[in-house]
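Comments concern the structure below.
Here the chain labels run A, B, C and D in written order, and each chain numbers its own residues starting at 1.
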Amino acid sequence: MSKTTKLALAFLVSVLFFNANVNAEAYSGPDLSGQKVTISGPWLAPEDGYIREIAAIFEKATGATVEYGGSDSFEQQIVIDIKAGSPPDLAIFPQPGLAANMAAIGGLVPLSDDVKNEVLNNYAAGQSWVDLATYPDQNGNDQFYAIFYKVNVKSLVWYSPDNFEDNGYEVPTTMEDLIALTEQMASEGNTPWCIGLGSGDATGWPATDWMEDIMLRTHDPSVYDMWVSNEMPFNDPKVLEAMDFFGSFALNDKYVNGGSKAVATTDFRDSPNGLFSSPAECMMHRQASFIPAFFPEGLEAGVDYDFFYFPAYSTKDLGKPVLGGGTLFAATNDNQATMEFVKFLLHSEPNEHWMAKGGFLTPHKGADLSKYSSDTFRKLGEILTGATTFRFDGSDLMPGAIGAGSFWTGMVDYTNGKSAKDVADAIQASWDAIK
Amino acid sequence: MRKNLLSSIIAQLILLVFVIIWIIPTFGLFVSSFRDKDLLAVSGWWTSLTTTQVNEIHRTLNKDAQIQENNIYMIKANIFDIDKGKKITSFGITSKNINQFLIEEKATLKDGSELTVSENGEYIWKSQIPFKNKKGKRIFITASSPPNFTLENYKEVLFKEGVGQAFLNTLTVAIPSTIIPLIICSFFAYALSWMRFFGRDTLLAVIIASLVVPLQMSLIPLLSIYNDIGALFNVSSKSYPGVWMAHTGFGLASTTFLLRNFIKSLPHEMIEAARVDGATHYDIFTKIILPLSIPAFASIFILQFLWVWNDLLVGLVFLDQVPSEIIITAKLRELLGSRGENWEILTTGAFVSMTVPLAIFFLLQKYFIRGLVAGSVKG
Amino acid sequence: MTIFSLVLYVLAGILVCILYYHISNFLLDFFAKKDSKDSSIRAVIFIAPAFIVLVIFILYPVFETIRLSFFDKFDREFVGINNYIWAVNDPEFRRCILNNLGWLLIVPTLSTFFGLVIANLADRIWWGTIAKSIIFMPMAISFVGAGVIWKFVYDYRGPGDQQIGFLNAIIVSFGLDPQAWITIPIWNNLFLMAIMIWIQTGLAMIIFSAALRGVPKEMLEAARIDGAGELKIFTSIIIPYLQQTILVIWTIITIVVLKIFDIIVAMTNGQWQTEVLANLMFDWMFRGGGDSGRGSVFAIVIMVAVIPIMVLNIYRHKQEQKI
Amino acid sequence: MKDRSKEDEVADININTVNKYFGDVHVIKDISLDVKSQSFTVLVGPSGCGKSTMLRMIAGLEDINSGTISIDGQVVNDLPPKERNIAMVFQSYALYPHMTVFDNMAFGLKLEKRSKDEINERVQEAARILQIEDYLQRKPKQLSGGQRQRVAIGRAITRKPKVFLFDEPLSNLDAALRVQMRVELAKLHDELNATMIYVTHDQTEAMTLADDIVVLDEGIVSQKGSPMKLYNTPSNLFVGGFIGSPKMNFIKSTIISKNNDSTEVNLFESSKLTVPKISDISSEGDQVQIGIRPEHLLVNQEGDASWESKVFVVEKLGSGTFLYLEKEGEPLVVEAAGDSNIKVGDTVKIGFNASRCHIFDNSDQAFQ
């Protein structure tokens, strides 16, 4: 695990970001008639529709059949299936930590060098994506296991331009401005933030993104890396400081819609709705690039909503850090159709197809940028290109028991009034317990 | 008799309190399932029975819709896409003051243009100079919304592709998963009650102990066995017979326990009489025990059916999540999607999936009670 | 699959089961020597299917779990009782034990009590049958459904917002501040238990209502002649008379409660200190890659916890054998 | 119908040193017993004496731990009930509640796969004998206790067994019906000429029905014989006390002297009594009990011994009167004439003849 963590290398987003190498060829594959690929993953509506549409392209081209099954308890279910030996052919892991665990028990099939080379060549910052998908197998040998497909940028704040205009607010460009704006909003009787941590089995994770963004804005990236790998303990004062900074928003009843009590009970999918209610229940919502998929129907990007970069301190010389994440496809069975599907995903066509649907970013250099659904996504590029530091979602890199366990629950406890020290101590204790 | 009357009234009152407390949550669900999905998340279900006040944001059309009349530029339309009987009482043009103006009142915008909104949602936006706005102007309305019930949610849940099939799938899972354990366990319970064999008491103790084995911990070992068997015969390890057996396994302890209580309570002389009459154990079972156990079967049928019907975990683990096998609870979860907490699907879905067990309960209620009595009342 | 093939499938499944018993017994009658004792082969025929199912679906997983609890998280290295030592020192585990104890004390007791009271009242009121159906209804609702229903009761919106949770709406109408019910530690356990009580009371009531019909009328009449009030009759005649039934119901509900899992997942997912053993087990077994060793430890704790209940029932069974 | 010869419908039953344990409890201890064919044998004894167990072992409902049971010379230890050619009537009737009376009676025949006509004929015949022809289509629930009892017996008759076993069949009936059924059972025995074994705890039933009575006590045969033999010469204290109603009176005593044909014992503190019975194993000074039946005590008459006692309770039955008295701490029951006008508090003179009394030694065995 620590190895993976170390691989959470910085990679400059200028590399991730698009170059104009347009590859408009349609995908064509070998004849796989009669073969079947089963995929399971965490995607439900509307994303399950998109993956099925993409699968349909593959089916048409190869004659194979593809079945996708989504589950909101995917993370438990894939463990059951792999341990029992009846996994699907492909699994879509929402985070690398779980994939690494599954690799460690021999549940994943390594991908071929061809695939690895394609990632190296076609993905911006290809080496980073390869490193993030390379884990030790059950014998301790490093193998390349997964390809990232559908990545997201997390350091974003969403807002309603109309509301900002009505109130005369300016988009902040520094953390100082953001804090001042928050105070101003509150003093004018507006609620600055909507924060919701609810997410069923995964309740608490949105707060871990806050923590990671804050860590990147208050300390050097190397501190972030040490924190993620636990070389720096979780209850280090630097982490406590970050937690209290999050608390200065989330625990202030005037700053957050519904008061601090509502933070953990509100579902993360519901919480941005406050931006669009009448009167507005909140002004800003910090969330990753996928969140528009959960906005009320009929809203238009750039008109009804927009986003700005979650800014950095102007006084701290830490540049403009950006936090990102992504889902990965890993093969859980070794067969021709499955391996072909993995190759297919690295083709530009499936990338472009989803780009057109929205809520989708790809590091694939071959994808035609004009296929993005809106200017909004093109604008993400500005944030990314302007970034000086890129870090992968830290909780996804922590061991599952922490990054998908005690970190989540700890943050819920924190918003419920437990002190930062107690929370951090408990998380560190759980980390010690699995070492 | 005065005292009797008083105590009867007190009894009725206490019972009424219980009934009200018990029915409120379900009633709330029932009402909610008929409500407009937009309203579900913003107002309590009890408000749906009265006219309620709602705040909404709408956007006018943009410059492309303007028409020119007598040198005045106008944008005219209705802010409601569908007429749901809402009556606007006031409106506003900024989020800071959402009910600044009454209906038909003239609101003057910064650029001098004027906007009026009628009760029914029609608006006229007039300007001396041509409109240049690319995006429409937001109008904040406060409207009274009459009680508004809809069957939309039910349409969505019932007629959505795959739900009907999921219903059938669930029946395919539930019926054998209820009947097979009933058959197997009734023979087992009979043997435990009336046959003499080595280790009978130990076996009974094991059954009682098995009542508490947590289902979740069995999943991985079982699925491994399934996979081995599947690989051996080169068939899919996830199939209907597999899920039937799984439900049989998980229901075995409780079904046997309850059935044994019942079968044991039958008079032993009757069974001996049958043996003297020349009946084998199989004759006794089919000709005497079976007809007499119908009430017990009915009650255990209901309990097991309820459990299987409402199960999610076993269905998820032991069946492929494909249209031909997905069960209704899993399908509802899929419908729920990740788009917010889709209350309308949750409420309606919960209600739809409740209907079958409830229908079975009311059909078999008479037997159900009789069966339970015999099984538990007699120590 | 078409309806027709599904029906066929179902019928075939059930038929195979019935045919097994019929044919094997027929063969036994046919081949077994006429003058031999109704042979023990028949006992084997009767028991075999259930026994095989018992071994595969219950005993094997139990032994597998016991074995796993002595191995590390990947089931590779034998670690002795380390997992147990770890569990004993785990504060979460201790909290789960406390929570479980709370559930075990409160839910079976209150469900049984309410069930008894309601059954007793409903039997002498003309609309009692309707009341009983309503009280029983929650039994027919899945835990997922119950979760939805109760979210509408406990939902929390900030003060000033319109409440869509029924409980908060009541509180607010009295001018009090709304509460995020399921996040208030310790108390939230009670709110979750209320759901379970809501479900299980129906079962208790149905059984009691049937058992009450067995109470001899003469006994009640004798008590009335002796001048006992209705309350007195209930406490000192009906309750002692139904002792056995109360024990059975209490046992059934206790076992359900010991395995309580779904409601907590649906309502809080174990957050806000509402975690119970089954949740802890599930989390450790499956979350974030899973640790089968530690997960198994909790499974075993649940199984051990049932031993007293089992002993009580076996003792009861022995008593009943004597009579 | 095939003409039945007596040989194939009646049977001897031989029970040879049979033992039975329930767990650690030894309920049947080395019992050996012969039951003559066509006899009506009653097993009688208090509850827990093993009489029902004995019957159930004959029926094949209980295993035998050691010893053999044979019916008609064939050892049946390992035969299931259906192959022993027996029928049994249970205390609770054990009718099948979901079947009509007809089906109840036809059940065994159907299992034997008899033809429809034969079943019909046999059931009708049994119904005629028991006068239940009108109820054949009813369910047991719709019948009175007596009718159910008849059905239970009818079910046994239709099968034409060699042996009928009755397990306290009358104890659930009220007193009047019990007497009536008793008479009918006796008639039935005459009519069917089958071997019948009948278990009861009621000595009146035993006395009235039996050709042979077997008194069981704690798993052993206390005494076997005709009713009058048991009445007149009980071989031990238990049988003496068990047979006869009201119970035999027992008076503690000691042997004063003995000779070849009689024994002298003391009676109460002051008097002596010479009884024409002897025992080889008793000697002078041994504790014994004198047994005398209430009907053999004489009121206001002289006998071989006599004394005066005060009456505590008087029970008038019409046909007789029972007086409850006491002498030197020994409670006594006396049967007086029905028209006796003795009242509570009266002092009466009681006497008896030595030939009417029994002496039981300190191991409870009777003097001969």
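Following the convention adopted for this analysis, a residue touches a chain if its C-beta (ideal position, glycine included) is under 8 Å from a C-beta of that chain, and two chains touch if they have at least 3 such contacts.
From a predicted model like this one, the values you see are computed outputs, not experimental measurements.
**Student:** I need the common contact partners of chain C and chain D, sorted by label.
**Tutor:** Common contact partners of chain C and chain D, which must touch each of the two, are B.
**Student:** Counting C-beta pairs in contact, pick out the pair of chains that comes out on top.
**Tutor:** B-C
**Student:** Measuring centre to centre, with centres taken as mean CA positions, what chain is farthest from chain B?
**Tutor:** Result for max centroid distance from chain B is chain D.
**Student:** Calculate how many whole Å lie between the centre of chain A and the centre of chain B, each centre taken as the average of the chain's C-alpha atoms.
**Tutor:** The computed centroid separation for chain A versus chain B comes out at 32 Å.
**Student:** Averaged over CA atoms, how far is the centre of chain B from the centre of chain C? Could you give it in whole Å?
**Tutor:** 20
**Student:** Nearest whole angstrom, what separates the Cα centre of chain A from the Cα centre of chain D?
**Tutor:** Going by mean C-alpha positions, chain A sits 91 Å from chain D.
**Student:** Can you give the whole-Å distance between the Cα centres of chain A and chain C?
**Tutor:** So the centre of chain A lies 39 Å away from the centre of chain C.
**Student:** At which residue positions does chain A touch at least two other chains?
**Tutor:** Within chain A, residues 77, 80, 83 contact more than one other chain.
**Student:** Check each residue of chain C and list the ones that touch at least two other chains.
**Tutor:** Correct list: 38, 282, 285, 292.
**Student:** By the touch rule stated above, which residues of chain B touch at least two different other chains?
**Tutor:** 41-42, 220-222, 275, 333
**Student:** Could you please specify the touching residues of chain B with respect to chain A in the complex?
**Tutor:** 41-42, 55-57, 59, 94-96, 98, 135, 138, 140-141, 219-224, 226-227, 230, 237-238, 316-317, 320-322, 326, 330, 333-341
**Student:** If we count contacts the way the header does, which residues on chain A are in touch with chain B in the complex?
**Tutor:** Residues in contact with chain B: 38, 40, 43-48, 67, 69-73, 77, 80-81, 83-86, 162-163, 166-167, 267, 269-270, 273, 276-280, 293-294, 303-304.
**Student:** Using the touch definition up top, name the residues of chain A that touch chain C in the complex.
**Tutor:** Touch residues, chain A against chain C: 75-77, 79-80, 83, 97-98, 100-102, 104-105, 138, 200-201, 203-204, 257-259, 261-262, 264-265, 281, 399-405, 409, 412-413, 416, 426, 429, 433-434.
**Student:** So in the complex, the part of chain B that touches chain C is made up of which residues?
**Tutor:** Residue positions touching the partner: 7-8, 11-12, 14-15, 18-19, 22-26, 28-29, 32, 40-46, 168-169, 171-172, 175-176, 179-180, 183-185, 187-188, 190-191, 195-197, 203-218, 220-222, 225, 240-241, 244-246, 248-250, 252-253, 256, 275, 280-282, 285, 306, 309-312, 324, 329, 332-333, 343, 346-347, 349-351, 353-354, 357-358, 361-362, 365, 368-370, 372-373, 376-379.
**Student:** Report the residues of chain D in contact with chain B in the complex, numbered from low to high.
**Tutor:** 56, 59-61, 80-82, 86-88, 90-98, 107-108, 111-112, 152, 155, 159, 165
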